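My structure is below; once you've seen it, I'll send some questions.
Going in written order, the chains are labelled A, B, C and D, and every chain counts its residues from 1.
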C-alpha cells in the first residue's frame, strides 16, 4: 500500500508540467557499444537557463540529441514539454522539434542554400506567411550582426559567422526551448558575450535555455544552473554553479 | 490535413531551385534520361515498323484453289460464294488461267522468258485466290477448300509458310523481349541515377528533419524535382524522334518505295506520349523512393 | 619518378577498400555497368547473327549463264575455265539442262507439280552457275559473262537483287547505327554514373590535396576502383550471355533448323572480351576524368 | 642609385631564410568581392610561436589558407620556407603542404575513413614504411588521449574528439610548420591546456607554430607573439602580447 502510493506520487510528480525536460534513469549506448550516458536523472523546469559542462566526450551532445529525439535512449524515459518521447510516433516528431530551437555543434547549415534561405527554412516548415518570414529572418540576422551576409552561402562564411547563422536559425521561430551545443566555440569573446546577451534575453522572455559549453569564463561570470557530466554520469547539478566537473 | 497554398507554392519554387542548386547532378540526371528515352524511343519506332512490315508480308499469303476443268461458270460462282461466306475467309478473287500464267511468268522475272514458249500449252486451270482472315489460319482454310468437289488442287506453299510464321513469330518475340528489356533497363538506370544524386543529399534531408520538417514537407520538393527532370529530360528525345521520323519517312518513301513505313502521324505523338509519361513516372517514383530511405531521423 | 612498391600496394588496397566504403554508390555503379553491358552484349550478338544471316542470303545469289545450244563439251570447258579465272568470280559450276529443270520444278514446291507435264519439252539449255566473289559484284559479272559468245543468255533476277541489296544495306546501316548509338549510350551512362559518385566525393579529394597528396597519389586508387568496377560489372552480363547464347543455339538449332545462328564458339568469347574491355576502359576513363575536375586545390 | 641599393637590401632581406613565413603587401578578395585581407605584411621566423587573434570574420582563416596555398593572394607576395608561392607550379604544391601540418577549423577529416586511417593518410602521402606508420599513428593517438578510438569513424566521435584527431593528423609527420585554426574551440579547458602543452613541446623541438584562436585565457596565460587582425588588417603585432584586437 505504501509502495503503491509512493509510486503514485512519483508518477504525478513526473507528469508535472513544471518540468519541461525530464529524464529518468536514462542510459544510452551507441551501436559500437560506447556507453555515452548512464543513469541520467535530470529535470529542467520552465524558463530555466542551464549550462551543461563536462570534458570532451563526456556525453553532452548525446544528452542534447536525446532531447530532440535524434536518438532514442537505450533505457529510461524522457519527457519533453509533457510528452513522453517513448510514445511519440514518427509523425509527431517534427511537431516536437518545432518547439525546440537547436544550435548544433557542427552547425548543420544547408550547404546549397543561402544564409537567408537557411534561416527561412525553419519558418517555412511551420508554414509562416511569406511577408512574416522575410521580416523575421532579417530581424534575427540583425540580432547576430550578419544582415549583410544574407545572400552568402555557408561555404563563403567564416567559422564564427556560420555559428551565428546556426544561432539565428535556432531562435527564429520563437521556440519554447532553446538548445545550444557549444554555441560560442568559434566566437571571439566579445561576440560570444553578445550571443550570451541574446540567450539571456530570450530566457527572460520565457524560453528555457540549455547550453552545452566549454567556456569556463562565461559559466563563471554569468552564473546559472550548471549540470556537470563526466564519463556519461551527472556528477554535479548546482544552481548558480561554477565551471568544473569534479564531483 | 490540407497543405497551405503558400506552402504548395514554396515546394514548387524549391523543387525548381533544387535543379539549379544541384547543377551538375541535375545535368547528369537529365542527360541520362535524354539518352535512355532516345534509345527506347527509336527502338520502339523501329519495332513498330518491323511489326507492321511483318504483318504486311504475312497478309500477302494467299491460297490458290484450282478449279476442276469441268466446272461451268455457275458452279464457279457458287463455290466462290460458299468460300467467301466462311468466317475464316477474308477475301476471294477469281483468276482465269491466262491471267494465272501471266502472273506466274512475271513473277519469275527474266527467268520467265524461257517460258514464253509454252504459252500455247498453259498448264494452269482457272483458280480462286483466297485470303484467310488471319494469315495463320491459311493452312486450315486450304484444307477446308480442298474438300470441295469443284476444287481440283490447292496450293499455298505449305513448307514456306510454316517457316515464315516461325520466323516472324521469333522476330516478334525477340523484338518484344528487347523492348521489355530496354524498358526495364531505362527505368532502372534512371531511378538509379536519381538515387545517386539523392544519396549525396542525405545530409540535407536529415537536417530538414532535425529542423522540424515533416516527411511530406521534405518529399514534396523532390516530387516536383523528379517531375521537372522527367519533363526536361523528355524534350530533346521527343523533338529528335518526331522530326527524325518525319524526315526519314519522306526520305525512304521516295528512295525505297517498296519498304512501307508506318505513317508518321499519329505514331510519333503516341510514342512521344509514351516517352514523356514514362519519364515523368520514373522521375517521380525514383526520387520519392530514394528520399524515403533517408527520412528516418 | 617511380612509385615505391609499398605505395603501389597501398593504392591497390585503398582502391579496393573504397568500393566497400562507398557501398551504395559502388553497388549503383556496378549494377548500371551490368545492365548496360548486358544490353549492348545481347544486341551485338543479335546483330552479328542478323549480319551473318543476311550474308548467307546474299551468298545464295548466283548467275545462270545459259550456254548456246551449239557449244560442244570442249568449248564449254574452255569458257568455264575462262570465267573461273576472273578475279571477280568465286566459283563456277556446270548444270546440265535436265538438272536445271529439276531444280526449277523443285523450287516451285507444290506449284511445280503443274509443270511435270512439260518435262518432255525442257525449255532450259545447259548452264553455268556462277557465284561472284562479292555478291554486290553480281551485276558486273553477269554483264561480263553475257559478252562471251558461247553464252546465249544470262539470268540473275536483276530487279529482285537491287531490292535485296538495298534492304540488306539498310538493315546493316540501321543495325550499325543502333550498335554505335548503344555503345555511345553505354559509355556515356557508365561514365556519367561514375561521375555522380565522384562528385559526391569531391570534398574528400580536396582534403587529400590539402594534406599534401600529389595528383597522382589521389588518382591512383580511383584508377584501381574504376578497373575493379569495370571487372565486377562485366562478370554477370558475360556469364548470362555465354550460357544464354549456348543454350539458345542448341534450342534453336533443333527447333528451327532453317535459321542458321553463328557457332557459339568463339563468338561468345569474342563478345565477352569486347564487353570486359569496354567495361574496364570506360570504368578507368570515367573515374580518371571525373577525379581530374576536383584536383584543383 | 640609393633607391636601387635600398631595394637590393630589401630583396636580400626578403630572401633571408630566417623568415619561414613572409607576407608582403598581401591583399585577398574573394570572388564575391569580400575583401578578406588588406595590405598584410607579416614575417614569421623559424621556431616562432604566434597567436593570430581577431574577431569573427576578421580574416584569420583566410590568412592561413594563403600560407598553405589553398588560396592565391589577389595582390602581394608570400614566401614560405624560402619558396615564393607565386612561382610554385601545381606539381610543387603538395611538397610545400607536406612541410606544413594544418589543424583546420572544420577539422576536414575523411568521413569514410577510420580515425587510424585518417591519421595514417598523412604518412602514406610521404610514402613512409608501413611499420613506421603504425607506430607513429599510435604514438600521436596516445598524445591526444584517443588511442582507444583508433577504429572509430569521425561520425562516431564527439566534437572535441574530432578536433583532437585533426591535431593528431597535423603533427604526425613532424612538419616544419604547424598551423592550427582554432584548435581548442571544441575542447574543455583542461584538454585545451593539454593540447597547448603539446604545441609548446613541438615548438620547443623546432617547429614553427601559428595558431588562430579566440581563447583569451590561453593567449593571456601562455604569452607568445600575438598578431591581431581586424577587418582584414593587422592592427597589432606584439611579442608576448595579450589577447585583444584594438589597435
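Here is the rule we go by: a contact is a pair of C-beta atoms (placed from the backbone, for glycine too) under 8 Å apart; a residue touches a chain by one contact, two chains touch by 3 or more.
All values reported here derive from a predicted model rather than from experimental measurement.
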Contacting subunit C as well as subunit D are chains none
Farthest chain from subunit B by C-alpha centroid distance is chain D
Distance in whole angstrom between the CA centres of subunit B and subunit C is 24
Rounded to the nearest Å, the gap separating the Cα centres of subunit A and subunit D is 32
Chain centres from averaged Cα atoms put subunit B and subunit D apart, in whole Å, by 67
Between the Cα centroids of subunit A and subunit B the separation in whole angstrom comes to 62
The positions of subunit B in contact with two or more other chains are none
Touching two or more other chains in subunit A are residues none
Contact graph of the chains (line, ring, star, complete, other): ring
Here the pairs of chains that touch are A-B, A-D, B-C, C-D
The subunit A residues in contact with subunit B across the complex are 68, 70, 90-91, 93-95, 97-98, 102, 104, 108-113, 121-122, 124-127, 129-130, 169
Per the touch rule, the subunit C residues reaching subunit B in their complex are 24-25, 28, 31-32, 35-36, 39, 42-43, 46, 64, 109-111, 113-115, 117-118, 121, 123-124, 153, 155-160, 163, 166-167, 170, 174, 178, 181-182, 185, 188-189, 192-193, 195-197, 199-200, 256, 258-259
Counting only contacts in the complex, subunit B reaches subunit A at residues 4, 6-7, 10, 21-22, 204, 207-215, 217, 297
So, in the complex, the side of subunit A touching subunit D is made of residues 30, 32, 34, 53-58, 60-61, 105-106, 152, 156-161, 163-164, 181-182, 185-192, 214, 216-217, 243, 245
